[in-house]
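Chain naming follows the written order as A, B, C and D, and within any one chain the residues start at number 1.
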Amino acid sequence: MNVIVDLCIIPISVGVSLSPYVAACEKVISQAGLKGVLHANGTNIEGEWDAVFAAVKRCHEVVHGMGAPRISTTMRVGTRTDRIQTMEDKVKSVQGKLGGAVEGV
Amino acid sequence: MNVIVDLCIIPISVGVSLSPYVAACEKVISQAGLKGVLHANGTNIEGEWDAVFAAVKRCHEVVHGMGAPRISTTMRVGTRTDRIQTMEDKVKSVQGKLGGAVEGV
Amino acid sequence: MNVIVDLCIIPISVGVSLSPYVAACEKVISQAGLKGVLHANGTNIEGEWDAVFAAVKRCHEVVHGMGAPRISTTMRVGTRTDRIQTMEDKVKSVQGKLGGAVEGV
Amino acid sequence: MNVIVDLCIIPISVGVSLSPYVAACEKVISQAGLKGVLHANGTNIEGEWDAVFAAVKRCHEVVHGMGAPRISTTMRVGTRTDRIQTMEDKVKSVQGKLGGAVEGV
């Protein structure tokens, strides 16, 4: 089962700057061989369910290992059985209905 | 690694009533031996990471099997390494700061 | 337009204990005359759109006023035009399909 | 108070294709004079709190007006008082810690 996930990991009690932790998670995703696209409020990831969720678990382990005692993550998780759809397909599908004038990925 | 998850599964293109799908997911959670607490916008689940996420995957499989061609799920995922905290602890911790007068779980 | 919201406010860089901030938000919701139901991962609120979102804004102002330099909130926001549905209706609708044996609100 | 929002609107019971509704919301955001950046799982928006949330309300009204009887929206809502930060700043801050090799906005 393929999945598209939007992952936002918030380490708690590590100060106000979260980008080192997000960067560490980007590396986890990339080392897992998964496609990840960073945006202003998270990272979109696509792949096989088990591989994607193994990477999410690894992100929690890595961020705890960096010193965060508590993590609050939010995810959007999309699956479909009617057809195969990539992250790019999703964006293009919306842009196609707008005449292409949208800033986007 | 223990985790507390807030799971909200939205089957798409199955009509306006989603409760049969949510009920099926409640059964998946309970059959997995996990503690689940239903609320108006999702289900809180606590347990070992792998068991909880296996149940989430099973929910997607079951809801697709019931005929939903597309699912959009949202999750809040909390882990902490500083101490053990249950779902009940979280609610009580807030209520203790309010004088107990809050309607809640 | 009536709305049911699931609100989870995470103050960042205030330490590991978030319950004082959540309790302050409970008071904001209650002082706004809104029905709020606390659960382990957020607070469900129902009411008229403008009143609910004014309370959410007030929560951000109050939590910043308590010293949080940064806040990361997540919300689920549900509206429907086909019929009136309360938070209790949503829970009962699922429980009715389970034979009533679910722990819940 | 400035805010960065990640908005994902899911119309329920309108079939499997949601892009016409997302495109309509893109127009709402753009007509409100707000900066919106579409990604595979939502749209990031930045602006003054009241303007951003007025646009979110307008999106619900427009999507209901297009025939959706029920909408399930999720939002991430970020505010900070320590400094001004744009959506671009957030992405660059992570990319700067990665050596620039990340695909992103």
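Throughout what follows, a residue touches a chain if its C-beta (ideal position, glycine included) is under 8 Å from a C-beta of that chain, and two chains touch if they have at least 3 such contacts.
Chain by chain, the UniProt names read as follows: A, B, C, D = MTH1187 family thiamine-binding protein.
Computed from a prediction, not measured in an experiment: that's the story for all the values here.
S.K.: Using only Cα atoms to place each chain's centre, name the chain farthest from chain B.
M.R.: D
S.K.: When I count C-beta pairs in contact, which pair ends up with more: A-D or B-D?
M.R.: A-D
S.K.: Express in whole angstrom the distance between the two chain centres, defined as the mean CA positions of chain B and chain D.
M.R.: Whole-Å distance between the two chain centres: 25.
S.K.: So what's the Cα centroid distance for chain A and chain B, whole Å?
M.R.: Each chain reduced to its C-alpha mean, chain A and chain B end up 20 Å apart.
S.K.: Report the inter-chain centroid distance for chain A and chain D in whole angstrom, where each centroid is the mean of the CA atoms.
M.R.: Computed from C-alpha means, the inter-chain centre distance equals 16 Å.
S.K.: Could you tell me which residues belong to chain A and also touch two or more other chains?
M.R.: Within chain A, the residues that touch at least two other chains are 8, 16, 69-70, 72, 74, 76, 78, 80, 82.
S.K.: Which bits of chain D are touching chain C when the two form their complex?
M.R.: It comes out as residues 1, 49-50, 53, 56-57, 60-61, 64, 69-82.
S.K.: Quick check: in the complex, which residue numbers of chain A touch chain C?
M.R.: By the definition above, chain A touches chain C via 8, 10, 12-16, 18, 69-70, 72, 74.
S.K.: Which positions of chain A touch chain D when the two form their complex?
M.R.: The touching residues are 4, 6, 8, 16-17, 19-20, 22-23, 26-27, 30, 36-42, 44, 74, 76, 78, 80, 82, 87-88, 90-91, 93-98, 102-105.
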